[in-house]
Amino acid sequence: MTVPWIRAALAGAAALALGLTGCAGTADGPAAEAGGGRVTVFAAASLTESFTKLGKDFEAAHPGTTVTFNFAGSSALATQITQGAPADVFAAASPATMKTVTDAGDAAGDPATLVRNQLVVAVLRGNPGKVAGLADLARPGVKVALCAEQVPCGSAARQALDAAGVRLTPATLEQDVKGALAKVRLGEVDAALVYRTDARSAAGELDAVEFPESAQAVNDYPIVVLKHAGNPDGARAFLDYVRSDAGLAVLAGAGFQAPQNR
Amino acid sequence: MTAPPLLDAHLVADRGAFHLDVRLRIAAGEVVALLGPNGAGKTTALRALAGLHPLTAGHLTLDGVDLDRPERRVWSPPERRPVGVVFQDYLLFPHLSALDNVAFGPRRRGADRRAARARAQGWLDRVGLGGRARDKPRQLSGGQAQRVALARALAVEPTLLLLDEPLAALDARTRLDTRAELQRHLGEHPGATLLVTHDPLDALVLADRLVIVEHGRVVQEGDAATVTARPRTDYVARLVGLNLHRGRAAGHAVTVGGLTLTTADAVHGVAFVAFPPAAVALHPARPDGSPRNVWPAVVAGVQRHGDNLRVQLDGPVAVAADVTPAAAAQLGLRPGQEVWAAVKAAETRAYPA
Amino acid sequence: MTRPVATRQRLPLALLLPAGLGLFFLVLPLLGLLARAPWTTLPRRLAEPGVLTALRLSLETATLATLLCVALGVPLAWLLARVEFPGRRLVRALVTVPLVLPPVVGGVALLLVFGRRGLLGSWLDAAFGVTLPFTTPGVVLAEAFVAMPFLVIAVEGALRGADRRYEEAAATLGAGRWTTFTHVTLPLVAPGVAAGAVLCWARALGEFGATITFAGNYPGRTQTMPLAVYLALETDLQAAIVLSLILLTVSVTILAGLRDRWVGTP
């Protein structure tokens, strides 16, 4: 079913695009490369803030090493990796997307759970709709944005709503968390079910309402070193660093929880 | 003129640097040709009459009603004027059948669909195209399109019918037939008709009266016989194929340039002398005998002209002479050659300028 | 009989070569989709209930958006082509704004105007109880916003190219300005309107960014094919390919059919 040259062309295009974004992201290309190597990390968009900080800390602790990031939706990243994009580390926002990479045989070893993330109800600052819990989302006149069930925050929302026995018709099923957050920010919906980390990133404008059923829909973030890593030693060093206490402290600051059985 | 004219217009209009100032009067049933070279202002005059170009001064009165009179701020838009126009390349609506093209006017002027179509069919029958009613314009020949355009203009029963170079787009053969046909329809039109053309033959055949414009002004006006016999500008003279010179007359002698011509007519003061090129005879040496008007000339050029050759001559006066090919061969005509030109007094016409 | 052959042989290579490359470049991604399409499971995937719903919604909204664009865009094109007014060049430039604006930004802009708290949207909501975001009319609005420039530009070009003397002829036959426009001008520029409408429809059919931003994504109500494709891409590349192929097949079939009927004739 697969035509080899098309696969090669797609991989080439992905690599080209990555090369461009990589160059744009780091101003210190050739010099650093000559020093201690480059680690290329593909990470879920929700990790953007914390991983950017961790990358800087890691570079400071390992002089001569450069960390290059490619942040995007986990599924898009998984597609890029299975199509041959050159990456050393993959951090996904759900086990399901990680599974597509491990199933394709692109992971070196089993993924480890990095952190967990829980759902909250994001509302406008001051909570004008007086939303206290999941049940309030089903009130008539309350407009809700959810993520589509194809993306991790959507399936988590479905689990939480089912656990709470709440039935509601959302105004929209967004393609990602940022889309759902934007709808709340613009006032088009009264509430959205999003990850705590996402709500925290918009803390200036939005409030997060915690609810007990979120424990039923905890989302694990797996991380793995990739099989075709160009810099496997650097990759392992980075992975160890983010899982260290210092790394987890940064992640906790962004709203993530440590995994249960660590 | 006994009855007041149906059209009474003093057309003053500006188009860029061009200034038009033309007086026109046309009686009911009369066909007037507006004749002039390209750029003389014929089309501007037609557009002003149709309401497509506003007057800057003067007036336009049709059947006693002012349609355009700037000083009184009167202006009637084209769709409210009882005027029909046959445009130069007809401008039949390409998306409508011949029938619907002709029915367009009656329909816009209030007839219901059925009545408009019935009237259109009647007009198509009158121009001999009753069988082509359903054809689209692109299926019609040039002559047929011209007749449909005429039917379309006449179907609104206009008080004033305007035709802009109605035959210019046709080939010579079709033009001959269509001209005869057009003459018949114009003769039947009860309103006033203005025909704009640069073709003297169209004007002579179709019009009762000619109005000649040059540089935005009327230079001559009259019936065909007068204009052709007594041209008053070089343009008209060339149009009707005459040599025309302006000079000073004393009885039967008119002095033109360095030459005094003896004429059949007696005039005094500033006068025109006109004679056809065919009246000019050429001789290799000074001829003896009767012609008194004889002068030496130099051949400037030779062109074909119908079955004959037209010879342009320089000398005391510049004239054209028509000679047969046989005579030309006998004379061995070539540019630069010196010849003697002769014109009989009986073939000249002189009239006051 | 020999002439056409002779001219065909004399086509310049300097044109043929880039033309061929251009075609190849445009068709290559399509080949990629075809090569990766899961032909064996295709019938089963086609029968999935969400697919037809999204396809029907896409066709309906794109068609309604095109009608809206024709109703508003043709008069706008007429204004730009025929009426001299100060600032016309600026207005013409503004018309093309949706072309250069990223569609997502267009969607946000629409929310700021027609949203629940938008300039017009809050008034619509208060006065009539009408809300546009997250509704099918919202999809139509978003698609029309993005697609309208294609129609306006095509029709304006046609109007500028049309022979205005036909309009003068109509006036001398007694037609007022409106009748002249509907009975003469519009039929004369019909090929241009048709071409513009086809472009407009195609653009509306593929619209994604403004739609998901302004109208959101809900199956059966606002989830058009491009949105379904994008979401399918999150989990299942092959499902996304199938959806894309359906969209391609339907649109190419319709466009090819229309082209022969309307746009092809002079």
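Annotations
Going in written order, the chains are labelled A, B and C, and every chain counts its residues from 1.
Just so we're on the same page, a contact is a pair of C-beta atoms (placed from the backbone, for glycine too) under 8 Å apart; a residue touches a chain by one contact, two chains touch by 3 or more.
Just so we're clear, the structure is a prediction, and the values are computed from it rather than from any experiment.
Taken as a graph of touching chains, this assembly forms an open line, each chain in contact only with its neighbours along the path. A count of contacting C-beta pairs for B-C and for A-C identifies A-C as the more extensively joined pair.
Centre-to-centre, using mean CA coordinates, subunit A is 87 Å away from subunit B. Taking each chain's centre as the mean of its C-alpha atoms, subunit B lies 54 Å from subunit C. Subunit C has its Cα centroid 35 Å from the Cα centroid of subunit A.
Within subunit B, contacts with two or more other chains are made by no residue at all. Among all residues of subunit C, none touch two or more other chains. Touching subunit C in their complex are the following residues of subunit A: 1-3, 6, 9-10, 73, 75-76, 79, 96, 143, 145, 148, 150-151, 170-175, 179, 182-183, 186-188. The touching residues of subunit B, when paired with subunit C in their complex, are 50-52, 77-81, 83-85, 87, 91, 93-96, 104-105, 108-109, 152-153, 156.
Residues 163, 165-166, 168-176, 179, 183-184, 187-188, 190 of subunit C are the ones touching subunit B in the complex.
Subunit C meets subunit A in the complex at residues 31-32, 35-36, 38-39, 108, 111-112, 115-117, 133-134, 212-213, 215-219, 222-223, 227, 230-235, 237.
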